[in-house]
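I have placed the structure first, in the form of structure tokens, so that the comments after it can refer back to it.
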């Protein structure tokens, strides 16, 4: 069975643009109060891009942060040798802010759950909204995205791989057979 | 009691015999005149050697009967092919009077497996202050004197001991170590102990006492015997002393010949003994001395300790390893089979030469000689494991070794005291 | 980079260059956790860590306790004096009891060298060496290396001198091994009774002359001198030591570079090995070392917890 290309480079860019528009539309009165925080890896890149789009549309660039959720994972006791942790950097206080949490793929919801726990340790936002590029279904927790680029149910035996220029040198979303080791 | 050993490979360095044949024993001695008997030992495939003599064994009775008593020590000795062992006096209470000597002699006789000669303490309580009643102790059966476990610290006392023994024909055995230099060391002092942050026992702790004793012995024209020599320096000093005419004899242990500080596993106190396993250079020097015939005896310094003590951390565990049941096989496998020394040399070091130091008779295949023999299957391979030991203790650095040479029979004074499988 | 696969932290000796880097990289992340408003992460929730301190030590113990609690681990303290061990429970018994209580990790400080190694062979929990006699103190060396890395960017080629009672110092041994693994240039300095020639076998220069250890060096790492050493004939007196080996302003003015750095594992014997104004001066990184200590210990706890007795399935 071959790989299936879900999105090509133009598709990815278009969706990021429309996500940004949706965020702006829903928060038109509060753009100054927004903070965009991406979940490493790739969610942080998307967060930066969303911020740029929002700036183009509104003239205001919201602060961008990135969090590494390794220390908050719920599967640490079973995964064996420890993964190395990346830094979590949030450039502003998130108290009373509208936090747009960004990730590339929403699947079981556990990563977002960990991210929420981490964010809450940083401060008390006014509200947190979730933006994802791909919602592949398969939720194991009651997590709902506020902004979705593309929704496509993908079987659990398959992997949804997101490629972004800044990290991978190319752009696209491909569905392929389960691949271990890709972080 | 008559025994006929048939078709055995007789290997007796003392009489120069190395051939297949029969040996007939009657009433504890070898007899050239064979007689009828139903007691036949089939010796095909086995070697017959004079039984081994260990001039340095520790039995923990009285004081540590659970650790090693006369029964278990005797069983261990005969299982290792020994007909004779010298028992060191550092029991609790120590063997420092003729009453205790008689106790040892009686107990040994009651067990009746191996010949046990007591080495009496040279000073009361081994404290190095007052001499023991040596003449009375000799009369009761002491074969030598030593404060082993400890050196005689005070040179004036050493002088008195050697003087008092003059004319008795009995030797003083020194445990050469300076406790101040050894301090709180637990392994050889060197680059390795320094890296581990473990206080060490420097070679000079042994050598400085060796030279002191040699000079005092020279001054008194007395002989002297050194226990467990482990360093190159000591060997050089002994050579120096011999050149000056001093009658020096000394023993080396199997573990100092087979192991060095690089073998020490710091988490396993079966590698902890005193003197400690030394440097490669020291070990090479000991082997060279062995090859040259410079050494007078191989002695095990069999030192049993209970598991709960040897199980402690290296720095806290007591010093000592057992050796009666592994001495021949380990040395045969690593030295004879690998061509370091010949079989006749090994047998001499384990029987003829130690006997010579103390004027004992060894087993010999000669009419009228004592029937002290060991029959060994040199081809048999076996693994040294805890369950094989007849000793009550298990603290051996050779656990897990695959070795050749299995004792099949041990005969003491014409009686079979050990048969493989006992 | 390879995932960190060691089950224990027994010494720097057992670590590769890459493993040292993994620990330091992780420690930097942990440092940022310590800067947050909520200085806690749930990572070691449900993991029990026992601190077995047979030698008195408030600093190192507290540093480990804070590290453990910042990671949400449950902690127990077993602080015994050595004499109580001699009277009763052996180390092995103590450890087996802990194992029966399902402790996942044991942090041990003991005056007997290689006791962590001894334990690691006999219990199933992860063992962390918090100092074993004069042998090793790996977390100290790691926090020192982190401090140096932060200050200089790179440890390779760095000129470090360690001054004091080298013979009895686990810090000196661990740090020397670690620095050499990372390509630094190390000089050891002290009175000859504290500096037997075997130390040359590490691949370092030794000197009995303080000046040689100060001239043109980037870092001067000063060790504590214990007063008891004069009683056991290692030193004639503290006066002798202070006169010839104390690092004070005068010595620094005369021999050291202007940008020299001073470090010390603490606590400082003010006026003995270090003059008070030097300990507190702008050259000193001593307080940085303390902060980094917690971060490094958090990093170790995190990295080792993956191979503990309770988990480690991959």
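In order of appearance the chains are A, B and C, and numbering begins at 1 in each one.
The rule we apply is simple: a residue touches a chain if its C-beta (ideal position, glycine included) is under 8 Å from a C-beta of that chain, and two chains touch if they have at least 3 such contacts.
Which protein is which chain? UniProt says A = Bifunctional protein PyrR; C = Aspartate carbamoyltransferase.
This is a predicted model, so every value here is computed, not measured.
Peer 1: Looking only at C-beta pairs that count as contacts, which pair of chains has more of them, A-C or B-C?
Peer 2: If we tally the contacting C-beta pairs, A-C comes out ahead.
Peer 1: Tell me, please, which chain's centre (mean of its C-alpha atoms) is farthest from the centre of subunit B?
Peer 2: Of all the other chains, the one whose centre lies farthest from subunit B is A.
Peer 1: Which chain, with its centre taken as the mean C-alpha position, is closest to the global C-alpha centre?
Peer 2: Ranked by how close its C-alpha centre lies to the overall one, first comes C.
Peer 1: When the C-alpha atoms of subunit A (Bifunctional protein PyrR) and subunit B are each averaged to a single point, how far apart are the two points in Å?
Peer 2: 77
Peer 1: Could you work out how far the Cα centre of subunit A (Bifunctional protein PyrR) sits from that of subunit C, in whole Å?
Peer 2: Going by mean C-alpha positions, subunit A (Bifunctional protein PyrR) sits 40 Å from subunit C.
Peer 1: Report the inter-chain centroid distance for subunit B and subunit C in whole angstrom, where each centroid is the mean of the CA atoms.
Peer 2: Computed from C-alpha means, the inter-chain centre distance equals 46 Å.
Peer 1: Residues of subunit C that contact two or more other chains, please.
Peer 2: none
Peer 1: Mark out which residues of subunit A (Bifunctional protein PyrR) touch at least two other chains, giving numbers and ranges.
Peer 2: none
Peer 1: Report the residues of subunit A (Bifunctional protein PyrR) in contact with subunit C in the complex, numbered from low to high.
Peer 2: 68, 70-72, 76-89, 117-118, 121-123
Peer 1: Looking at the complex, which residues from subunit C come into contact with subunit A (Bifunctional protein PyrR)?
Peer 2: Result: residues 1, 3-5, 22, 25-26, 28-29, 32-33, 36-38, 40-43, 46-47, 71, 302-303, 305-307, 310-314 of subunit C touch subunit A (Bifunctional protein PyrR).
Peer 1: Under the stated contact criterion, what part of subunit B meets subunit C in this complex?
Peer 2: Residue positions touching the partner: 190-191, 194-198, 266-267, 311-316.
Peer 1: In the complex of these two chains, what residues of subunit C are touching subunit B?
Peer 2: 90-92, 112-115, 117-118, 121, 132-136, 167, 170, 173, 196, 198-199, 201-202
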